[in-house]
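What follows is a set of structures for review.
Both of the next two complexes hold chain A, though its partner changes from chain B to chain C.
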Partner chain A sequence: MLPKKRFSVRRLPGFAVIAIACFTLLYAPIMILVVYSFNAGSSIAVWEGFSWQWYSAAWDNEMVQSATFNSLVIAIQASLYATVLATMAALGTTRTKPYRGQTAIYTMINQPLMVPEIVTAVALLICFAVIKQLTDYQGLMYLVIAHTAFCIPFAYLPIRARLEGMDRALETAAADLYATPWRSFRQVTLPLMWPGILAGSMLAFVISLDDVVITEFVKSAGQDTLPTYMLGQLRRVITPEMHAISTVLLVVSVVIVSVIFILNRSKN
Partner chain B sequence: MNSSAPGRQLSSVERVALKRESRRNILLCTPAMIVLFFAASGPLLVMLVYSFLTPGDYGGVVYKLSSDGWFRVFFHQDIFDETVSVASAHLSIFWRSIKLSLLTTIAALILGFPTAYFIATRPVKSRNFWLFLVTIPFWTNLLIRTFAIMELIRNRGLVNNVLMKFGVIEQPIQMLYTDFAIMLGMTYVYLPLMILPLYASMEKLDFRLIEAGYDLYANRFRVLRKVIIPLVKPGIVAGSILVFIPSLGAFVTPRVLGGGKNMMLGNLIELQFGQGRNWPLGAALSISLLLIVMVAMLLYVKNMQKNKGEQN
Partner chain C sequence: MGSTVATSVIDVSKTFGQDKDQVTALDRVSVDIRENEFFTLLGPSGCGKTTLLRLIAGFEHPSGGKILLHGEEISHLPPFKRPVNTVFQSYALFPHITVSENIGFGLSMQDKPANEIKETVAAMLKLVQMESLADRRTDQISGGQQQRVALARALAPHPKVLLLDEPLSALDYKLRKEMQIELKTLQHETGITFIFVTHDQEEALTMSDRVAVMNQGRILQVGTPKEIYDHPAERFVADFIGDTNFLAADLNQSDNGRMMVTLPGGRTVETTQSDFPGAGKVNITIRPEQASLINGPSAADLSGTINNVVYSGNDTHVHVMLESDEPFVVRVQNRGAQSAQWESGQAVGIKLEPGSVQVLQD
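So, the complex of A and B:
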């Protein structure tokens, strides 16, 4: 007879297999995309040797250049504004006695997370169409404002989490030592909440950089960002340039999310 | 914190301080509120108004009240003989959206439950690593993840190529541009939303209860059904709603994987602002979608509250 395995209370047969399959499913499609972005041939099914050619093709594509520029201009501005606004809002909603209107403020902040993106996108299209007609302004500011709004909750959550874990005693001590409120904020509160602000701003940056739906509806002609450019291309003939662009965007997201993860861990 | 003991009258000094603090708090929140009002909640109100206006000939609206938009959500009026019939095309898209979202939820649950259990039974130290592995895809671009699925299942994609090479099939299977493709894509992109809440409730599992089940001669399946599943039910409900909501409002995944024919609600809405040129109808459809999502959201909040109540 075979030696019987020790009975484990925690084990359920087959679960580990499904879990491994699940992780494979999560990663295999992206990995294949990344690997084939280095393919010398133009197929995603046949490997024809290593090459950087699709990266240089994407780099030389003027459409891609302008989309990258737009993406960066919007993401940098939106994440900056959203972080400032979210930091202020976090200071105004944490470590305080409950006050009237606080629930309304929470609802407002979380709204972009709750309303389906397509609904917000269409609503913004309607509103901005009216404003465009009235003011004749066609620039990138519409996209920056729209991105700022939906980035606020993503910037807010890590900042608030950080603030909630902070002790009031240090600020009280600063006040006891005759620091003005501004000075105690600058020299005590701000340095302490800095990891939260950093994490929040990076998250906002990634979210803005990756947005498709709202950008697709708000943009005017010639304002493609990388994701909306890709969405347009997917309807036509797909070139392996798409794989190269995808890989770059993936790497940016993964690096930033990893840094946030490490920032959060060093806190504990 | 003694000063805030309930029932004690506040002195006038304290009351002034409290008032000042809440004024400061509201001032701090004001800039964010202005931006959110201007670019998130305000536009929803404008859209509600638009759903009751008359469509313009080339998109946009004529500022004249009309119930035409809402009428067309449910009914279809023939342009020649003006007979009214139920808008079966719209209703079938509503139905397809709900059906595909439910199927996606079930598929995500079947895959996510064992995975969350697997993570929850790892040694405490390595759990964070596994969770990190689940979170990473979630924060990467949704369009790219959908694109990755598209490249896998297309007619000359890797899956068909491998199957043909090993002689399993002779002709490539048409997977792209089908309902199956949409469901597969949505399961793939929303899977982390199922695993994370499931894990959160499994992490708190008391394994002594499971041991007790085995001591009472239950087999594995019975323990799973009678002990584990009832204990993690809040996580199952939360995860299911979190997957269902974005699936219902999905736009990118059905557009890329469903092609032009297999529309979901999000694509029907887009159509009204593009070729359809019926903004009031588009607005009315958007608000219908929002209402369905809000009902699901209420269920979610109720579930969370009940869960909290039971814990205390």
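So, the complex of A and C:
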């Protein structure tokens, strides 16, 4: 007897066509971008042969250098702070007795995922304007704080998922075997949640590296990050130098996301 | 058996939740567990076995009453300060460290010197026959092996009392039988008091020095397996442990002071029991193997008609409908031609062994 055919969306007429169209729409522009970053000419439409020239041009561009530097300084700090805060928040929301307002706190932690980014951006801009007036401080710290704020939920979610997937009996067993709460945390909880922490921090790093809206609002003059620098350049002439920078960002993101994926798979 | 008390549970209650949702998991439970004994908590799912174990380990705090360990109150101590270790139902082995490190975990948390830890771990690995897998990660070994590691890990710090929460329930039948014997031997060798939780009455009877039968948050009866089996105090205990028959009867004191039970059908038998609920209407229980079938009602204690004969290997269960309209099962050993002579529809008499009638408290 033949196995009964079950309903499968894959057998609907036109499924393949639509799927291919979607993937083409998603990936073709990116492929074109990558290809033209190697263009020997300065056109973004006419292929004139292979060359690394736009990569070296970007590399030598002082504006790009400073924007990259800013991006890295902000992303490293923001992802670090966001991860520490998110770890504490995750422990506070999964390793305590259920308390009133737990859902409210959960929602508040994830606020940046729900509030429109532009609103957060305006709010931070106004808030920092006041602080700037009061303290006269003009440095990168505003951007670091802003990035930390919107990176927290991205760091929080994988860490929380990891903690929730962890067998509570393990911590009970540690306590049973004479581990004080602190040693139980150090010896059992922390090592087991570590892949979640790594994944969370990397995700936060990528998100920070990529941000335009909030950065554009909060930054002072001369504080361009790579994305805001690129945005500024695009208003003028587009050269394959933009393609080169974009390609590098793409590679960095893909590598990091792959690592996160592998970390999450190592769950068990 | 040593008579010093290892753990005293005194009037302990535990409730979960608040107001309407309140659940009473334990209701004024008292029991003394002796040193060196294999003590089993037996009862159906949800009767509070795990809760009692968790209270002794310190994972939960009692809502009332107190718990003593060798005469000292421990109710207020956190789990990491109690010289008591647990073998968890799910084993709860640490997945990020090796088998050896798991076994040594308790000792290293007690800050024992490294060489002592090494020696004890080696001895424990030998005890549970896991030497060859010492450096494996715990997710790379079989269920039975994990079980042994969990046992070794809990035994390594040489606790005063070892708590085991259904440690064998995840194993298949054959392995479970093996581990039952191993556990019993281990208890003997180490001299540690074992408090063992199970809902399997057979397991409880074969392994334990004493058994506490629990139901709905209360301990109904504590005794040796034989006491519990032969002299169940309550209907629930009799029913939960092995197969049995229940009958309604009358209890009367005879002229010479002996206690007589009047069976359905009018026959009276003496009972030598000392604890009675008081004369009058009582429930009695009779084990199926303590009754035998005879032809004709003349010498019979009970009589009725066979309505079913069920063959089950070693013996045959003959279901009889008594004249009083109560069902009664007699177990007949399948030796010789004995069992073959009984058929459905046949009128039979039932003869009871002396002392087989047990008067219940409820």
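Here, the second predicted complex is superposed on the first by the 254 of 268 C-alpha atoms of A that agree within 3 Å, B and C clash if a C-alpha of one lies under 4 Å from a C-alpha of the other, contacts with A are read in each partner's own complex, and residues count from 1 in each chain.
Here is the rule we use: contacts are C-beta pairs under 8 Å (C-beta built on N, C-alpha and C of every residue); 3 or more make two chains touch, one makes a residue touch a chain.
In this text the structure is predicted, and so the values were computed from the model without any measurement.
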Winner by number of chain A residues touched, once chain B and chain C are compared: B
Contacts of A:205 with chain B and chain C, given as first, second, both or neither: neither
Partner chain(s) touched by A:217 [first = chain B, second = chain C, both, neither]: first
Touched partner set for A:38, first chain B, second chain C, both or neither: neither
Chain B versus chain C as contact partner of A:188, first or second or both or neither: second
Partner chain in contact with A:229 - chain B first, chain C second, else both or neither: neither
First (chain B), second (chain C), both or neither touched by A:55: neither
Touched partner set for A:105, first chain B, second chain C, both or neither: first
Intersection of chain A interface sets (partners chain B, chain C): none
Chain C to chain A touching residues, read off their complex: 57-59, 78-81, 84-86, 88, 90, 92-96, 105-106, 109-110, 139, 153-154, 157
Sites on chain A touched by chain B in the complex: 7, 9-16, 18-19, 21-23, 25-27, 29-30, 32-33, 36, 43-46, 81, 84-86, 88-89, 91-93, 96-97, 99-102, 105, 108-109, 111-112, 114-127, 129-130, 145-146, 148-150, 152, 156, 203, 206, 209-210, 212-213, 217, 227, 230-231, 234, 238, 242-243, 246, 249-250, 253-254, 257-258, 261, 265
Touching residues (chain side chain A, partner chain C) in the complex: 167, 169-170, 172-180, 183-184, 187-188, 191-192, 268
Of chain B, residues touching chain A in the complex: 4, 18, 21-22, 24-29, 31-33, 35-44, 46-47, 50, 60, 111-112, 114-115, 117-119, 121, 128, 132-137, 139-145, 147-152, 156-158, 160-161, 188, 191-192, 195, 207, 210-211, 214, 220, 224, 245-246, 248-249, 251-252, 255-256, 265-266, 269-270, 273, 279, 282-283, 286-287, 289-290, 293, 297
